[in-house]
Amino acid sequence: MSKLKTLKEVVAEIPDGAHIALGGFAITRCPVAFVFEMIRQKKKDLTVSQIVAGMETDLLVGAGLVKKLEYSGGSLDRFGRLERINDKIDKGLLDIREYSGMSMSMRFLAGSLGVPFIPTKALLGTEMLKNLIAKNDPEVKVCESPFDGDKYVYLKALRPDYSVIHAQYADEKGNVIIEGPYWDAETAKSAKKLIVTVEQVVSTKFIKKFPEKVIVPSVYTYAVVEVPYGAYPTAVYKFYDYDREMLENYAKVNKSEEEFNKFLDEYVFGTKDFTEFIEKVGGVDRVNKIKADPSYGY
Amino acid sequence: MVAKYTTNELMAVTASRLLKDGENVVVGLGLPQIAALLAKSTHAPRLNIIYEIGVINPEAEEMGVGIADPRLWNESECFTSFVGTLGSILQKGLIDVGFLGGLQVDKYGNINSTSIKTEKGYRHINGSGGAADIATFSKRLMIIMKHEKRKIIEKVDFLTSVGYLNGRNSRSEAGLPMCQDIKIITNLCVFGFDEEERSLKLLSVHPGITLEEVVENTGVEFKIPEMVKYTEEPTEKEVDLLRNSIDPLKMYIK
Amino acid sequence: MVAKYTTNELMAVTASRLLKDGENVVVGLGLPQIAALLAKSTHAPRLNIIYEIGVINPEAEEMGVGIADPRLWNESECFTSFVGTLGSILQKGLIDVGFLGGLQVDKYGNINSTSIKTEKGYRHINGSGGAADIATFSKRLMIIMKHEKRKIIEKVDFLTSVGYLNGRNSRSEAGLPMCQDIKIITNLCVFGFDEEERSLKLLSVHPGITLEEVVENTGVEFKIPEMVKYTEEPTEKEVDLLRNSIDPLKMYIK
Amino acid sequence: MSKLKTLKEVVAEIPDGAHIALGGFAITRCPVAFVFEMIRQKKKDLTVSQIVAGMETDLLVGAGLVKKLEYSGGSLDRFGRLERINDKIDKGLLDIREYSGMSMSMRFLAGSLGVPFIPTKALLGTEMLKNLIAKNDPEVKVCESPFDGDKYVYLKALRPDYSVIHAQYADEKGNVIIEGPYWDAETAKSAKKLIVTVEQVVSTKFIKKFPEKVIVPSVYTYAVVEVPYGAYPTAVYKFYDYDREMLENYAKVNKSEEEFNKFLDEYVFGTKDFTEFIEKVGGVDRVNKIKADPSYGY
């Protein structure tokens, strides 16, 4: 009853039209390997939910797999913008539902708690709320609290079919250690099925040495996939830094659909799996250059 | 003693002086972060700096490219989640100052960080991230941005983050928590808002800038006090800290 | 091979066999914990044991006096909060089996762990702790208790934890999540509940116990199947594990 | 701007009638020193809220300081029951509001998040809910969710005037490290003013070595009070075990009001502070006997 799976098999079982939450944040711990495999397997009509989107989401949207996106925006930090997402929004090719970061996180929190909704003052007065209401979005309602009669936004619990996060460690039972901040903890716990790609699969004995770092205990986890460098070229605290050159390149190509498609052809369709991709960009030499200093973690 | 300084340095120093010791601030990367670090190095050693990604009071040795850059997480006091920062610390009302940038700001202090209207239609740029929440729940707001006619305007193209909404009591009538104060720090001046209408009002003009330049570069009318003050200049110590210890690589301070 | 065993050992073994490998269980201290550990040592090595205080899958070397005893937290896989265990893992519906004791249980499987009616009025004993929540949200419920006429009754003095409420569909009509199964394991027999009325029904009688003894010691009528089965007996291995590795100090197994 | 205070001064400022949440659990990390000082200073008319009550709550109620108690029950684990609480309930001397453990924890969670309430299925069908409704308790309402029309209990956010927890470490800024499970995290974060008694005040440098153990960051903390053995005779993981003999004795005396009052006279009123109490029960010798083994933590 080990939860270890290969990337190919776990992606193969995700149906077209699935609702997927992603765990990356701009240029850090983005499940890039997962997204590459999704693109290779040509999934379609996905709904994607995320607090703050990152490189992986831009790839997924740019490759045309996503029908609907719920998020609070995102970027490549100072490297650039998520231009594939921006472009599809501008052209009306994406059913876009914009939130604030906290309101997205509260929706995931409600999902992770198993409560039906959470009331909040977030979003009140914003154009995001106006647009959600105009679209008759079933996830938000403006209501008066029966306690104080005050106006709140009731945010419906988010329960994605799959959540996909990239973390440092997990054991084969699915106990997940996240080093550093864990903005994606509620994203992970809200899913019907949680898929975790990790840098390294470790023993449960190792897990038990750091019970305070197990941000996601095994009861939430559906599958553990070992993919070293699985977030490359984004950063994984304590493992490797982001690859500046690769991100600068990506921030250039994602400005044009044509250049972006060439990028996909070369790196995604032009490699059979993530290992081959890492080899293609320079292999051991390249990843050694961004290896984290153990005292700084980057 | 007054130092020689660049406009960016003046902006950072002006913002830093608006932070009080012991306050809790949420900041994004860039000038807001620089200003907070400067305050911490000078008059506000007990400033608590919170990053929405789940990091509290780090001691970064390098500036990093954004809050997602692990350079920014070095020597943190606490790692937590997005729910732990904005969902709890911010939403519970513990943040004294929210520190934001933006694409546009309007005469009621509302901010757009989402999309811009162009001749060809809307151009999507970024989105809220935590900005809308920070504007909703912080006790005070500080906005740092470049002063351009198309950026400080009558009405933002997209209202991402609520300032005083439509002025007067409209913010609280819309159900939002009170906001005690909003200030906008640009490369030309500092704006505040008048107490009644809650509309844009000049507070001070940076040394060397004329009132006319401010008017010319602002896309909306604003109140002008009878006596226009000059923004106080940075000290040598502040400039020295900025150049030599806070942003020695000049990533944000030029 | 069948072993010599005590009644407590039989109860623990019977309960342990109702747990399946890979299931998530919430247990309190005492026989429930013993049963869960036995299952983990035999047919269910992947059982996840969750304690409401915020501890998951520890490997206690000593039994401890309760879930607040740090002996029980040894070698845990995860430390979390009450919200992290019951508020999230349980409330989200991830718990397969909730394992409870109680002061009284009634014919619809409702449990009292709060107070007892006496001639002098109510006598408060303990309260719910997580028990009510475990009964509300677990997919299946197992109740372990001593078999006495005043303990298994028509209606509990105080309804702390909901079983099938008033029988039939009353549980779901009251808005509670579905409960797939409730079993009561006593020192005399195993009870279940019939599918329609959801009222008490004998499942098996422990070896050496007569049906009459069960009836005599039960304070409420219950359904009796035409053929009364005997509870399966422990194996030597199970008894050996209980005596020599799970509860060697005989804190809970006598 | 250090948040360090003495126990005497922090207790002195708590007004009669205050609403206080307590962090102990049966026989572990109970803020006993705090409660002793509250009793010495003869506070009255308190409202106390707690998830699962422990020895400290029984002391506070037994000493007559508490007017109203909201909790989900409690015990001294196998040592015995909270008989002072039970006795006051039976005699109608306590305004008692019983919840389940999770519903109490959700009330604290709502308070810590700053949301007005949280909807849950907890309590439905129970006699606790029936009694709360019969008492017109303003903290609970049974409502239909505007999303699914289903019945839920809306639990109002709990915002106690003070929360008091006992933890292993804090720095003078108020960053609190809790070793082991942290059932009381939301209790701590929900307060208007959080008071933390700790075994040891540490440097911020120490805190920064374990950012993942800082369960309560400084922004929540109002006061830090260093009280070594401040939870004695209950256990503090990694510091000391519970004192079996003392707990057995307490579980005996709390069965009778008279014996309990003698206990107070001897140990609480008969000592001027907690240090003197520790000296009285045997000082260094006694606490050395229960010193935690560093590999087990008890």
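Going in written order, the chains are labelled A, B, C and D, and every chain counts its residues from 1.
Here is the rule we use: a residue touches a chain if its C-beta (ideal position, glycine included) is under 8 Å from a C-beta of that chain, and two chains touch if they have at least 3 such contacts.
Owing to the predicted nature of the structure, the values given are computational and were not obtained by experimental measurement.
*Asks:* Centre to centre, using CA atoms, which chain is the farthest one from subunit B?
*Replies:* Farthest chain from subunit B, going by C-alpha centroids: C.
*Asks:* So, what's the distance in Å between the C-alpha centres of subunit D and subunit A?
*Replies:* Each chain's C-alpha centroid was found; their separation is 39 Å.
*Asks:* Where the centres are mean C-alpha positions, what is the separation of subunit C from subunit D, in Å?
*Replies:* Once rounded, the distance between the two centres reads 28 Å.
*Asks:* Between subunit B and subunit C, what distance separates the C-alpha centroids? Give it in angstrom.
*Replies:* Roughly 57 Å separates the two chain centres.
*Asks:* In subunit B, which residues are in touch with two or more of the other chains?
*Replies:* Touching at least two other chains: 76, 79-80, 83, 87, 91, 137.
*Asks:* Multi-chain contacts only, two chains or more: what residues does subunit D have there?
*Replies:* Correct list: 106, 113, 115, 120, 150, 152, 212.
*Asks:* Could you list each pair of chains that touch, in label order?
*Replies:* Per the contact definition above, the touching pairs are A-B, A-C, A-D, B-D, C-D.
*Asks:* Across the complex, what residues on subunit D touch subunit C?
*Replies:* Spelled out, the residues of subunit D in touch with subunit C are 25-28, 51-52, 54, 71-75, 77-79, 81, 85-86, 89-90, 98-103, 105-106, 108-109, 120-128, 150-152, 180-186, 235, 237, 241-242, 292, 296-298.
*Asks:* Considering the complex alone, what residue numbers of subunit B touch subunit A?
*Replies:* Residue positions touching the partner: 29, 51-55, 61, 65-71, 73-74, 76, 79-83, 86-87, 90-91, 113-115, 121-133, 136-137, 158-162, 165, 171, 174-177.
*Asks:* Within their complex, state which residues of subunit A touch subunit C.
*Replies:* My answer: residues 1, 111-115, 173, 175, 189, 204, 207-208, 211-212, 214, 217-220.
*Asks:* Help me check something: in the complex, which residues belonging to subunit A touch subunit D?
*Replies:* My answer: residues 106, 113, 115-120, 138, 141, 143, 145-148, 150, 152, 154, 156, 212-213.
*Asks:* Along subunit B, where are the residues that touch subunit D in the complex?
*Replies:* Going by the criterion above, the answer is residues 21-22, 24, 46, 48, 50, 56-57, 59, 75-80, 83, 87-89, 91-94, 137.
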